[in-house]
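Both complexes shown next keep chain A, but they swap its partner, so chain B is in the first and chain C is in the second.
This part shows the complex of A and B:
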């Protein structure tokens, strides 16, 4: 700790930080643009000028940039000094020279950091009356608008996009007054994290294009703290609603999970909530009576990894524990159950995103993290920078000196070892990459485990690099092993666990083992399911006639098992109740189809890949009769979500603490609810004037601590239930610092979720079964995913659909040639009518076929571990133009 | 769906000539990092082609394995990397303070009258491109300009007429 005097007041500060960050941590107002808590300082904008004094005798002082000055012990500065204030006012005046006066039509207006800083700096009269510099804007794809005239050249966009997220197609061009931030030519921004530009840009250069189509000001959006349902990471988000439709999603800060950033699937993949296809309440039938039919005691229920803890639990209560079956494919179920048991193993720790960023040696086995759990890939990309930070430390350069640290480190990175069936979007920062067919990857990982510890299961084969990799992992400060359930290959998880166990054994400590989960509540559903109750067994029982009444919860079984088997079972079932949000192949066969609310329409708990339970609050009401699935299944129609989660908590020791995640109304100020609408929420009395001039009563939310209203006590300084952050003078998302204990620290009183898994079991090495099913015929299948398309619900969103591709099969040039296939040809898989487009990739090894199944257009579960390809008639829907891979084969290169 | 199923900028890349490749490879030996060769590669291509076309940009990017947007950053930062075709002779005309004091503005109008082009323009016959530069480091002999690789000092209207004539006559 160091002591710093700011305007005569002494503060205890962290000397490893800079003065700007510390001033903000202390709650002081100091304007800035280029500095960002995750990206450090470059001193580009000159906005955070303060006066620094040598000592208390010094009355003159000198102007310094707070972001570029360390908070060393004894530093004396003034923010209020007249010269410093004058400097800041003039700096912003020059930054604003060519800035258009278009706030009323700018989508940033009302949550614009530039507006806030302009006011804060006192620049309220424009003296410049000459011609402004103007630019041509670019088409940047379906996600992002470009309005370059608004740019104040703070360089945050390229520092995020290129330096932080590893993008290669956005750059600063030209110089001085015509500096331009754009692509080489018009086209889709390729990074999976491009949407963060909307929040990183301090003004309206990059805005949310999907939001543009039904725009509303920040203050007119009804918001609540929510959890992204896009994958198993559990990123915290703030969805905003207006006039009954969900308008946009922005990042919501959680120090341990997503921090300041989310991926583009999360940001743009919510629009299915507004779909006209949403299932509606059946008319002309007595639902209560229909439901009774399923209460005869022998109905079976199939759960869902995309449904909440509460809904899965309600179904389990409805049918009884022994009749509650996993809603995952058998192979995924096995993988998730294994992940769950490894999650309780005392040798391992499941790292949060913040902890992943702290790893200094990483090995990833088989998982294409960028496409399955994108936010984790962004964290892994930061982990390779730990070596740079280390070098900087040795050179006595503070970590926040971003440009200096990068300049010093050049290409020096912490090791990231990739074992992957095809080139991934993390290859550019990897230190070792093994691209090989899945079986070979498993073998290689086994050799690495053996090289770490002689106790690991013996594996055939030898790899020269194995000892080297073993050394890297053994000698790192904080090694991390990553695998996941998305690749449909349990052996990846088994070998990853063996590597982590070998490390744990040799290092004599717990080791970070990150096992990704594909869906929002994969792990939660697995916790509620008996391990033996697989979907295969359920389907079999139905086919055998042992189970006549079937309830399917928010699940399209055709994604989980061979289509023929599902079809057979569902036809055989006497009555089939399906509760879901959107029509699927499964809902087509339902005898009773009930509409379920979407993630933003109910309050619910989800368990992420770490075993972290988080509550997602209801943002808006569903107006078409959908209910939370648990409500349809509840015996007591008056039961509240709190009481249900209380029952869930009591059902097992495993769920201890889950009910306490919900703040109690008695805990809020004077017992008043927290409003979902802002103070400035406008037009409430006129919103429905076109229908009826009488203002309807505001809906009452009797169950939640939040209200559908603008009245009440806002989250203000208490961040427990913070939806959209606001603070006096701070209207943009940058206001989040006002709610943090310190910059990038925990939210004041805010909770970060509850870790459900107790790591109290001891485990042992896992034997890897030799793959006996593979025949020598055909190519070995490797399941591939796409960030835009593989998520079942996000794939129904309009913006996401514009980025999707047809099912494809990735092949080596060698295999393509021997099969007589060209780039973009169509092939039939095993000759059974599944058609995929051919994508020839430079780096894929001969013998591998990387299959992306599109929106379940491929009957994946009917395929074996290898596949025979035959050329087929071209039948394209979307084509594969939108595919972004680094190693596409091109004729002549 | 056409044969050109996969949109790719690389299909528009031209092939670098052997000479260009040879010179770029030589530069690569001098730098630890291929990215650092970007500017040299642009200069080499401009030397051979007169300017740097989109096709050339993509070719260099491919050859050096660096993103084309990074290369564009460099190319657009330097005024003397030409991203548009220029005439056979580029007139770099100094209009900074010393030359301005010594009357460069009237020289500029003279060139404008003689060739029918102002800053940023190329004459119709393709012989000249007229560009301003901030300083040529020869202030004591202002006003000055460069045509191609030659520096011309103490400019007068008569001198300019002679210079223009001599370049027009050059083959």
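This part shows the complex of A and C:
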């Protein structure tokens, strides 16, 4: 700890930080643009000028940039100094010289960092009477709007997009007042994190295109803290609702999970909530009576990895534990159950995103993280920078000196070893890539495990680099092993666990083992299910007539098992109740179809990949009669979510603490609720006046600590939870610093979730069964995913659909040639009606076929581990033009 | 006693007299509604939405009037024309709540929303006091004749390219090496 004096007041600060960061941590207002907590300082904008004094004798002082000055012990600065204030005002005046008169027609207006800083600096009149510089805009795809005139050249966009997220297609062009931030030509921004530009840009150059189509100002959005349902990462988000429809999703800060960024699937994949196709409440039937049919005791329930803990638990209570079956495909179920047991193993640790960023040697086995858990890929990308930070430390350069650290490190990175069946978006930062068919990858991973520890299961084969990789992992400060269930191959997880165990054994400590989960509550549902109760057994029981009544909870079984088998089972079932949000092939066969609320319409608990239980609060009310699935299933109409989660907590030791995640109303100031609406929510007496001029009473939320109104204790004042951050003179999302204990620290509100998995079991090495099923005929299948399309619900969103592609099969040039296939041809898989487009990729080994199943158009579970391709008639729906892979084969290259 | 009676009588007679001579004075009462009073142009009465000098809708749906409104009686939704202009898909004022404070007019960056000297807004049914855009939008510029927001704003719309707004230079050619 160091002591610095700011305007005569002494503060205890961390000397590793810079003065700007520390001033903001202490709650002081100091304007800035180019600095960002995740991207450090470059001193580009000159906005955070303060006056520094040598000692208490020094009365003259000198102007320095707070973001470029370390907070060393004894530093004396003044923010309020007249000269410093004058300088800040002049700087912003020059930044604003060419800023257009656009605020009324700018999506950023009202949550604009530039507006805030202009006001804070005191500039209010454009004295410069020359002409403004203008720029042409570019088309940047269906997600982002470009309005280059508004740029103040802070360089934050390229520093995020290129330096932080590894994008290659956005760059600063030209120089001086011609500086332009855009692509080399118009086109879709390729990065999976492009949506963060909206939040990173301090002004309105990059704005949310999907949001603009049904735009609403920030103060008009009804918000609540929520959890993204796009994948198993459990990123914290803030959805906003206006006039009954969900308008946008923005990042919600959580120090341990997603920090400041989310991926584009999370940001743009919410629109299905507003879909006109949403299932509606059945009319002219007595639902209670219909439900009675299923209460006879022998109904079976099939759970869902995309439904909440509460809904799955309610179904388990409804049908009884022995009749509650997993809603995952058999292979996924096995994989997730294995992940779960590894999650309880005392040799391992499930790293949070913050911990992943701290890893200094990573090995990824088989998982295409960018497309299955995108936010984790962004964290993995940061982990390779730890070497740079280490070098900087040796050279005595503070870590926040971003440009200096990058200059010093150049291309020196921490090791990241990739074992993958096809090229991934992390290849550019990988130190060692092995591209091979899945079976070979498993073998290679086995060799690495044996190279680390002689106790690991012996594997045939030898690899030259294995000992080298073993050394890298053994000598790292914090190694990390990554695998996941999405790849559809349990052997990946098994070998990953073996490598981690070997490391743990040799290093004599717990090792980070990150096992991704494909859906928002995959792990939670697995915790509720008996290991043996797989979907295959359930379907078998139905087909054999042992189970007559079936309840399917928020699940499309056709995505989970061979289509023919599911069709047979569902036809055989006497009565089939399906509770879901959107129509699927499964709902078509339902005898009783009940509408379920979407993620933003109910309060729910989800368990993410690391076993962290987090509560997602209700944002808005559902107007089409949908109820949370647990409410349809509960016998007591007065059942509350808190009593349900109380029962869930008592049902098993594993769920200890899950009910305490919800803040209680008695804990808030004077027992007041926290408003979902901002204090300047507009139009309350007019928005419904066309229906009836007599305003209805605001809906009452008796279940949560939040209220559906503007009244209550706002987040700025000791609220227990934080939806949308706002603080006086900080209208943009940068106001988050006012809610953090320190910059990039925990929220004052807490609320980071609760780790459910107790690591008290000891485990042993896993035996990997030799793959006997694979025939030599055909190509070995490797499952591929797409960030836009693989998520079942996000794929129903309009913006996401604009980026989706048809099912494809990725082939090497050799295989394509030998089969006589060209880029974009259609092929039939195993000749049974599954048609996929051919994508020839450079970085794929002959003998491998990377299969992307699209929106379940491919009957994947009916395919074996290898596939025979035959040319088929071209049938295109979306085509493959939108496909973004780094290694697409192009004729003539 | 006599004085009291005299005083009482006399004052009554005086009152009668004064009333009588008023019969021959000019009347103060205005024969409203047959006779309309003079209203000052800046009187804060019925709210209208105006058009710019080119006849296009002035409102760009920025929501500032709605947020300035102390009784929250303005609700609107932003839409975007094919030519790039923002406009309100709907614009509703609940006049039964409006207090004619004029904050909306002050907040309006495009001079679209204006208060007019029309005060005759009584209705028999409260529901009839809810006015939609069709009721509010007039075919003129209202009090401010010259202002056209899009001639000043940098946003490109059809008919006004980049660099053609007030005080703007032609767009930069990024590929050019000229200073």
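Everything below uses one rule, namely that the second predicted complex is superposed on the first by the 890 of 893 C-alpha atoms of A that agree within 3 Å, B and C clash if a C-alpha of one lies under 4 Å from a C-alpha of the other, contacts with A are read in each partner's own complex, and residues count from 1 in each chain.
Convention: a residue touches a chain if its C-beta (ideal position, glycine included) is under 8 Å from a C-beta of that chain, and two chains touch if they have at least 3 such contacts.
All of these numbers come straight from a predicted model, not from anything done at the bench.
In the superposition on chain A, contact of A:823 is made with chain B only, not with chain C. Using the contact criterion defined above for the overlaid structures, shared-chain residue A:847 touches neither chain B nor chain C, since it reaches no partner.
The partner that reaches more residues of chain A, of the two candidates chain B and chain C, is C.
Residue contacts after overlaying the shared chain place A:183 against chain B, while chain C stays out of touching range. Look at A:410: by the touch rule set out above, it reaches chain B but stays clear of chain C.
In the overlay built on the shared chain, the residue A:170 is in contact with chain B alone; chain C does not reach it.
Put simply, chain A uses residues 173-174, 180 to touch chain B in one complex and chain C in the other. Of all residues in chain C, those touching chain A in their complex are 60-64, 66-67, 69, 71-78, 80, 86, 92-94, 96-97, 109-110, 126-127, 129-130, 132, 149, 152-156, 162-163, 165, 167-172, 174, 176, 179. Of all residues in chain A, only 168-175, 180, 183-185, 410-411, 823-824, 837, 839, 874, 876, 879-881, 883, 888, 890, 893 touch chain B in the complex they form.
Looking at the complex, you find that chain A touches chain C at residues 100-106, 109-110, 129, 131-137, 147, 149-150, 173-174, 176, 178, 180, 182, 212-217, 219-220, 243, 680-687, 689-690, 692-694.
Per the touch definition, chain B reaches chain A in the complex via residues 1, 3, 5-11, 33, 54, 57, 62, 67-70, 72-73, 76-77.
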